[in-house]
Amino acid sequence: MDGCPPGLALSEADIQPWLDKRRPGTSRFTTQRQEPDQVRILSGVFDGKTTGTPISLMIENVDQRSKDYSEVAKAYRPGHADYAYDAKYGFRDYRGGGRSSARETAARVAAGSVARLVIAGVRIRAYLVEMGGDPIDRTLFDDTQIDANPFFCPDAAAASRWEALLDGARKSGSSLGAIIECVAEGVPAGWGAPLYAKLDSELASAMMSINAVKGIEIGDGFAAARLTGETNADPMRPGNDGNPVFLANHAGGVAGGISSGSRTSVETIDRDGEAADIMTRGRHDPCVGIRAAPVVEAMMALVLADQKLLHRAQVG
Amino acid sequence: MDGCPPGLALSEADIQPWLDKRRPGTSRFTTQRQEPDQVRILSGVFDGKTTGTPISLMIENVDQRSKDYSEVAKAYRPGHADYAYDAKYGFRDYRGGGRSSARETAARVAAGSVARLVIAGVRIRAYLVEMGGDPIDRTLFDDTQIDANPFFCPDAAAASRWEALLDGARKSGSSLGAIIECVAEGVPAGWGAPLYAKLDSELASAMMSINAVKGIEIGDGFAAARLTGETNADPMRPGNDGNPVFLANHAGGVAGGISSGSRTSVETIDRDGEAADIMTRGRHDPCVGIRAAPVVEAMMALVLADQKLLHRAQVG
Amino acid sequence: MDGCPPGLALSEADIQPWLDKRRPGTSRFTTQRQEPDQVRILSGVFDGKTTGTPISLMIENVDQRSKDYSEVAKAYRPGHADYAYDAKYGFRDYRGGGRSSARETAARVAAGSVARLVIAGVRIRAYLVEMGGDPIDRTLFDDTQIDANPFFCPDAAAASRWEALLDGARKSGSSLGAIIECVAEGVPAGWGAPLYAKLDSELASAMMSINAVKGIEIGDGFAAARLTGETNADPMRPGNDGNPVFLANHAGGVAGGISSGSRTSVETIDRDGEAADIMTRGRHDPCVGIRAAPVVEAMMALVLADQKLLHRAQVG
Amino acid sequence: MDGCPPGLALSEADIQPWLDKRRPGTSRFTTQRQEPDQVRILSGVFDGKTTGTPISLMIENVDQRSKDYSEVAKAYRPGHADYAYDAKYGFRDYRGGGRSSARETAARVAAGSVARLVIAGVRIRAYLVEMGGDPIDRTLFDDTQIDANPFFCPDAAAASRWEALLDGARKSGSSLGAIIECVAEGVPAGWGAPLYAKLDSELASAMMSINAVKGIEIGDGFAAARLTGETNADPMRPGNDGNPVFLANHAGGVAGGISSGSRTSVETIDRDGEAADIMTRGRHDPCVGIRAAPVVEAMMALVLADQKLLHRAQVG
């Protein structure tokens, strides 16, 4: 990570808890690959504080059983990048530890935990709002439930249903898609840019770079296409502190590419296209969306940290 | 535009037709602002061919009636960037000709027409598949209809319904959202990158940078969240030319961030949050999605042209 | 120009005087091409202040006599980019108005004048310290002389000698090289970066991008190669304000890539390799170094403005 | 390293020999710090070939005796970045292993060795042409001498003199500056760009980013300032293969920012400003220029590899 402000208190203990959330093998609902995902800080920290110079973080692979991937060398797995890699590069590293492995998201989570320090005061939360076509009930939304089940699910009843749903998929060798929602609260008005680095554009790019993500919405997203102009606009009234108070937030806290001070909300769909019959011996996730939630949070933090610094550069 | 390959035949006549498609005031369904949108090539072309040096294109504003915007100076329009600009920069250009004007998309369309020359052989088409909550009937899809109505609508029956729908919205001072689909055919396998400039990530960023866009899907997008792994995977069988033939395209022609050789499809939602009662005298679009279709095409062309050149840099 | 802070007072009158310094045809010692170099601000300014959105500046070419360049179409001029352009692009715009024309430096000067506003308080001065092998006498250095002769020469006696020298070169159809020194005073300590965007690296890149520049030194530069370590080091003693006072400045105000608070000094050599016998009818400069002085100042301002904003981004 | 073409044969054995040239402690003329500088390839290579995905190289620090740096914590060393770091970041890592350590150049050399594979056919050689004010005799230039003495000196007689010179400096606790010349042969015409990524600008930036470098010249550099236009121009005559043959190379193989097909030559001055009396117990180089020669070669290779790929992107 380059460009991190100096003087932020940082140790491995600030990073590890976020990695542990993403770590595989913590429940029967994620891949059984055993990876401790221990992070080491190699540079950029001195006397417990960031120095302003590049921060190098290292997470080693431990559980590498290359035999698992032997069939992959011979066949293109549908829904995987195998063929596309071959078409691009002329050959591919078929062992599964390469660039197309979801393991690379560990690096994102580690970096995201540093980005959180840069935007202290902003609270970021990602959770699943739908799995396998079964949505949560918004009236049952309970923030404290998110960490109380293996699905980052804010609706305890939905979490119970998903357990059965996913057990079924897992046993039949299938997999399920999920919709992840991520909300950032405390983002001040003014981050982002009018045109080519719009905050929503940066968020879309970041989320779509996560493996298996195929859709992204800001605020109401596609549902907004069905609203009339009057319904979709976010009315304001003057607030006590002189700043406007928004009476709705269809725009997801971003207007004209710039944060409005409302909470920024992003929804993303994560779904693997992996067919089960080809990849019988590999260890994979029956629902990649589960482990994607901490990654989505990390990408939100990284984008916001960049935008904070860019805003400070220009406006001071 | 910098980095354009040299030797491509280019004149204003290659650019103007695309601008004319986006031009306001061509039907009663778009803003009545009169802008000829005539493009001039200022640099980068010699003897009718691109020189390889930067291409500078100029489109002048003609129809500027600043009086129209006088109310805007005093109030924040809901659904607009007014407040966010003020919060960021401390003040704003309230005349409406600035960075938040949809007029900037003319530049994108002009640039996109040059990008099309760079990716000759790729066919790009954008059209509306839904307006105001009323979707097209896919069984009535007719490619030749797209340019035969003012809505870029491939379903003649839907186009008729939309005419009434939009007349209603226009008369009541409201506005409607739309869903635009964009398909690129002829994209060779291998464009894009595994991680930080994934083709889908670049497309998401480009589309989300268009004014009023709030959602983006690649391939099946959010619908994929409801499919099982077997259904969602795109099976292949060996083709006659040695390359695989894909039997489905849920992934929208992008696997692991790299084009697979299937057609690349993107869906995007465009919807203005403008409430009618504030902005009575301004000239605005009752459905911004209509004029967004040529812009979406342009952004697709620009992203693909970049990716083609990046791929050529690395792989030759 | 993108990224300029908002709220800076800016009009054409802030830019034009700098352009006038670089303008051709103001004395017999520069090309006789007549260009008014009038700048127009097309965007990014409202109510006399920068808005924070991109500033577009326009300077039109007026004096274009393309006949002058007819011979050039048929031959490669030694010391010019003709052959290299052909080798790169397959053909070239031989009319002389293209990318290899020194006219592009007008844009740099215009942009530099805006950059000066960003770094208000920093004083930048460039002047010639040698022409055609004849150096100034440093003991005769007089700041007020710089604008009092057509050579930006701080030594009145040298200016007289150069007049004769350059008249001779001009009449024989030859040309002379020059060494330009540029000093920035008031640069606070802390701008720059330790490694890949070192302040000296950025300055070298910027200066070397000016046409006909072939060498660059920071501080003592090549002369430092002949000093011992003790002589070359810049000793410090504690100053009254707690900050160190430097007793020497061999390093040109940059230590480890970061400004030290001493004055930043750069020396650069500007020399055209144009042979006279080929290009008899073109209008060119007998000493390109003269008109390069305002360009060198502009590039210094642009680099420092960037570094100021980058520093503010990271450190606040 | 990102963007490396796929399919290049690469193993640690391709990198290590270049690192060994830069390695400290190989003669009494460099720092006595003992670092094996063993490189490991962590990613980006499969079956002995580059995969096209990022190549991660690791060189661990072994000989860290932090006690050596205890005095540094308390004082600003003249000629070092100590004060500038403190001014920028508010504090600094005084142990000497940080960003301002010359050890970071090991990474450049490692990366440069990969870049050499990208530009196979280009031959790069750097050597010292002057030390402590004592230049080589160009008539005694012998390519085979460069690796036959500890100074990368192509003149055996000069190498003998420098031995005595440097012993003297070392014993008195002083240090000497050096001038390094780097020549690339086999660069095809056409690499580089007309304006903002001129080949000479990129080279200047790269060389000036090496620690203690304070000056850079392309071709004749500052000496060109003393030549007349006729002398300085590089005449061409038609060659047997249709391409021009250059009869001189004052411009260092770069015309208008683009390589001309002549050999590219760069000269750079490397000199540490370290005063001996402050840093008595640290281990440092009596002439940093010696170990800089392999670094200069590496930076030349890296710039040329980038330019090759950029050229291929645009022109194919």
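Every chain is named by a letter (A, B, C and D) in the order it is written, and numbering of its residues begins at 1.
Assume a contact is a pair of C-beta atoms (placed from the backbone, for glycine too) under 8 Å apart; a residue touches a chain by one contact, two chains touch by 3 or more.
Small disclaimer: the values here were computed from a predicted structure and weren't measured.
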Item to check | Longest centre-to-centre distance from subunit B, chain (CA-based) | outcome: D
Checklist outcome for this item: The pair out of C-D and B-C sharing more C-beta contacts is C-D
Checklist entry - Cα centroid separation between subunit A and subunit C, in whole Å? => result 46
Checklist entry - Using mean CA coordinates as chain centres, what's the subunit C-subunit D distance in Å? => result 26
Item to check | Separation of mean Cα positions, subunit C and subunit B [Å, integer] | outcome: 41
Checklist entry - Got the subunit D residues that touch at least 2 other chains? => result 6, 52-53, 88-90, 98-99, 194-195, 315
Checklist outcome for this item: In the complex, subunit C touches subunit A at residues 3-6, 52-54, 194-195, 309-310, 312-316
Item to check | Of subunit B, residues touching subunit C in the complex | outcome: 6-7, 43, 46-47, 49, 51-54, 88-93, 95, 98-99
Checklist outcome for this item: subunit C contacts subunit D in the complex at 76, 78-81, 83-85, 87-90, 98-100, 104, 130, 132-133, 169, 174-179, 188-192, 194-196, 198, 200-209, 211, 213-222, 224-230, 232-236, 243-244, 250-252, 254-261, 269-277, 289, 311, 315
